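Please go over the structures that come below.
In the two assemblies presented below, subunit A is common to both, partnered first by subunit B and then by subunit C.
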Partner chain A sequence: MARVGIDVGSLYTKGVLIAEDRRLLASAVEPTTTDVPGLTERMLARLLAEAGLTMADIEGIGATGTGRRRVKVADVARTEISAFAWGAKLLHPPVRLVIDAGGQGVRAIEMDQWGMMTNFRTNDKCSSGTGCFLDTMSFALGVDMPEFGTIGRGSACPSSIMQTCTVFAESEVVSAVARGGSKADIVAGLNAMVAKRMASLAKTLAVRGDVVFAGGMARNRQVVELLRSQLAHRVVVPDDPHLVGALGAAVLAPKRRRAGGAAPEAREAAPASPPGEARA
Partner chain B sequence: MTEHPLGWAPKGRYVRPQGDESVEELKARVREAYAKQSGEMRARLMAVKDRPEGMRYFDDVARYDGPRVKELQDAKGRGRKVVGTLCVFAPAEVVRACGAEVVRLCSGMHYGVHPANELLGDAGLCPCVKSTLGGRLSDADAFMTLADIVVAPASCDGKVKLGEMLEDWLPVIMMNLPRVKTGDTTAQLWVEEVMWMGQQLGRLTGTEMTVKGLREAIGVYNRAHLALSRLTQLRWGDRSPIWGRDALLAAQMALVDDVERWTKRMDGLCDELGRRAAAGQWVGTGEEARILLAGSPVIWPNWKVPNLVEESGGLIVVDELCTGARVLGDPVVADEGTLRDLVRAVAERYFFPCTCPCFSPNDERESRMLRLVKEHRVEGVVYHALRGCHLGMLEATRLELALRRADVPMLKVESEYDEGDVEQIRTRVEAFVEMIQARREFARG
Partner chain C sequence: MTVTAGLDLGSTYVKCVVMRDGQVLGHAVLPTGPDHDATAMRALSKALLLARLERAQVEYAVSTGYGRRVASAADSTVSEISANAEGTRWVGRELGVRTIIDIGGQDTKVIALDDDLQITNFQMNDKCAAGTGRFLEALARVLDIPLDELGPVSLTSKSPVDITTTCLVFAKSEVASLVTEGHAKQDIVAGIHRAVARRLASMAKKVGVREVVFFDGGPARNIGMRRALESELGVRLAVPEIPQIVTATGAALLAAERLRKVKA
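Presenting the complex of A and B:
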């Protein structure tokens, strides 16, 4: 029996469909809209069509991300923190630390040798160093997102970006451009700042082994390189780092679909089915 | 104009000009916001099913425009004085022995922060200090308006300056609280400070502290302490007959209520909870993560974090807050003796057992926390840190490291009084609970 995981992030909604042996059968990415129930319902249909399956083949649907409670088709809703931990463990079992940098959130999750989450940190009240931050900067610089991870790699003298506030950093970037700084140097400076913030968040935890770097930010090659240089452990980037949360949600979905089950909100109030169930 | 018995005169530094229309407007606006916030919070607690009947009384006390305010107004009409306190260190026994009413002024009202921000700008102060000041600036805090005098122990920087600023409106007895606990002279200094405070209050009320009066007051508060420890014991077991946020509310109302009546009502609540426990009537499903709530003061109606914990699959089984379990920390041990002996006993009870982060060394906080974790079989600690509470924030790291060595996870929640970050915090609290439950499952095999 297959499972579905849907991660409703602040910017994008990601969906995966995995086989019993946890192989990826289908995936989808769409910008998150205000109509989360409709969006996720359509996404589920798309995933099924792509995999050539029907609802009868699905044993469970898990939702995660900021919009997790609004996914009507899901059987269970879990936080993105748990989902990323389980997703990373699925892709790289020896993982001891997960760093997830998405649209508005940065999270670091510490895991023990059995793959159990033991601690975590998140950014709070500030989106500095997240996807939105680089989005703003890419607009200010006129550098497209795909280029953001490559253009600065040859920079010999990355600009030093002092401000961590998105708005202030943007004006710093604008004045750097006005002073005639090269785009490569400025982009390199921004990527360095982002990597540094993630590394310092991670270092408040005990890093004892392999690091899985997930979330959309992990597609920025320069940030990955810089993060590697700052952490003493191996940094593993999955093939589709932005799908890790959705994978985790699929793993956390209950094993058997309950016929006409209640809405996920109702079950979340009393989390009777522990996440550990997924291991069995 | 007759001189104030303590020689106090309004300083006129921050007071807005009288008759300024905007003052009245502000007062109305803040009062309305106060009523709305505490009303919403009460409704949220009252909506929880199978709530003990005995909680109704404490709900009423928590209406800061309710019967307790009226009662204090009447007492003032009879010439009684109302003493407002700013910290857990102000010895209530001494106030009572001087024939005055005592209420805690620290505010948990979100809207009170705004008038203080308008005056101070973003001074990096914690919302507790700002809201308390805002209650005075806007003339909207009922207890603050009723107070004849403030007793302000110089605990943290914010409270020191708050006490100083309040002198514009009413006399303030600033108590020099020693912040270094070691050394021969510290406790001695504190005893002198408490003695002096009693003398000042005596001059204000015209009732001097006597051996008989103080011993009676100690007896009254010791009975209150016993009632609170009964409540704690009722929450000891694997299942609890009361939600932690209700227990916290009931305990906290001791700060503003008439303490003898509070004790009676607390005993009544405990009787009811005892019957519930005997009948196997518990709250929750039994699968909740057992949480210890620690950190900066959680002051009604800022019930944001307790609500989030218990709405996300957690059960607060115990707390170490100066607005909760530490309100009536330990009973005063005093037998026969002179007035000075009794004052010393009271002063020491407020000084030594207190583990406020303003103290150094504060090793006891760590060992007490670990003891509570063990006794109450705590699975995780939620550390509530008010933004701007530097002392609380600094100690959070130390406690987290100590707890980590004991294999107990801690979640630090940094927050203010506004509701803007509720959903972000909810995600983190939910993840924390998921983590604890996954660990529990794993341990079960």
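Presenting the complex of A and C:
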């Protein structure tokens, strides 16, 4: 029996369909819209079509991410912390720390040698150093996101970005460009700032072994290199770092669906979760 | 007869005040362009025009604010905190001010004064856009409401919406979704004022709030912002006639003081 995991992030919604042996059978990524129920329902249909399966083959559907409670097709909604911990463990069993850098927040999750979560830190109050920070800068610089991880790598002297705040740093970047600053140096400076913020969040926890770097930010190669230089342990980046949360949600989906679709107690339990759950 | 000028080169506006013998003769407020110094020059010319004075008659000029070091018209510089306190001592001379709250374009300040009106403590936020003038400006744009109308619009709200995010970047998305969810604009605006007021109140509590509380800076012109801050602090606020030029006035007064020292 296969399982589905859906991660409704602030910027993108990611979906995966995994087999009984946890092999990835299908995946999908769409920008998150205001209509989360509709978006995730269509995504589920797409995943099934891609894998050549029907709903009868699915034993459970798990949801995570900021919009997890609005996924009507899901049997259960789990916090990003649990989903990322389980997703990382599935991809790299010796993991001891997970860093997830998404669109609107950065999380670090500390795990013991059995893969149980022992502590975590999140920054979801401030956009500095998040995906949306780099999105803003990408727009201000006219450098596309996929290029952000490459054009700065040749920079001999990365710009030092004085402002931390996304709003103020954007003005700083705009005036640096107006003064004729090199885009490669500015991008390198921004990537260094992002990596430094992540490393310092991780260092507030006990880093005792392999680090799995997940979330969309892990696709930025320069940020990965800079993070590696700042952490003493091995930093593993999965092939599809943005799918880790969705994979974890699939792993955490209930084993057996009740007849007639969604498990009723799970559906009721999800919206009743305390509002602080994401941070708890 | 002594003519001095104070230039406050803020992140969003450049303010200039021309004074003669302790009297404001002219002032100007201009949006900060790409060239800070050129804007300061234009502000000075405009203030001089209103004062019916010539550039050569200005004996001493002091600059302050974020761009104070680039003002070529200035003879010396002073920090915003000192200039704001000096301006408040003069503008609010009959009020007995003990706390100053100043919202700027990219920063916020709370200054505590003792009974001799000397600075005893202050808090400044220039690291984060939350709670600054920039915050109000950006969210007004999301709502498509002119900045000057935020105050009057918010006064018609009966139940302000709770803005749950702190970061301006997140607040922009939050406000946009509040609009699509169908919340009334006046309730959103009132919620924005309350969010800014809460941030300022927590800063103010760190330095200690003693009455009289003086509120200056551009956003002090916003009646909704004033009411929200009054309700968060539980005190009445004293707002000057032209809240934007208090710091520039302080710089002009300090210019007169420095001129006396130079002459002596």
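Rule of thumb we're sticking to: the second predicted complex is superposed on the first by the 258 of 280 C-alpha atoms of A that agree within 3 Å, B and C clash if a C-alpha of one lies under 4 Å from a C-alpha of the other, contacts with A are read in each partner's own complex, and residues count from 1 in each chain.
Here, a contact is a pair of C-beta atoms (placed from the backbone, for glycine too) under 8 Å apart; a residue touches a chain by one contact, two chains touch by 3 or more.
Being a predicted model, the structure only gives us computed values, none of them experimental.
Of the two partner chains placed by superposition, A:T150 touches none, neither subunit B nor subunit C. Subunit A has more of its residues touched by B than by the other of subunit B and subunit C. By the touch criterion defined above, A:R78 lies against subunit B but remains apart from subunit C after alignment on the C-alpha atoms of chain A. Of the two partner chains placed by the overlay, only subunit B lies in contact with A:T66; subunit C stays clear of it. In the superposition on chain A, contact of A:M117 is made with subunit B only, not with subunit C. In the superposed model, A:V167 lies in contact with subunit C only, and not with subunit B. The residues of subunit A shared by its contacts with subunit B and with subunit C are 125. Looking at the complex, you find that subunit A touches subunit B at residues 66, 78-82, 114, 116-120, 122, 124-125, 206, 268-272, 274-277.
Residue ranges on subunit B touching subunit A, taken from their complex, read 285, 287, 311, 313, 404, 409, 414, 421, 423-425, 427-428, 430-435, 437-442. Looking at the complex, you find that subunit A touches subunit C at residues 10, 34, 104, 125-128, 132-133, 136, 163-168, 175, 178.
Against subunit A, in their complex, subunit C makes its touches with residues 34, 106, 127-129, 134, 138, 165-170, 173, 177, 180.
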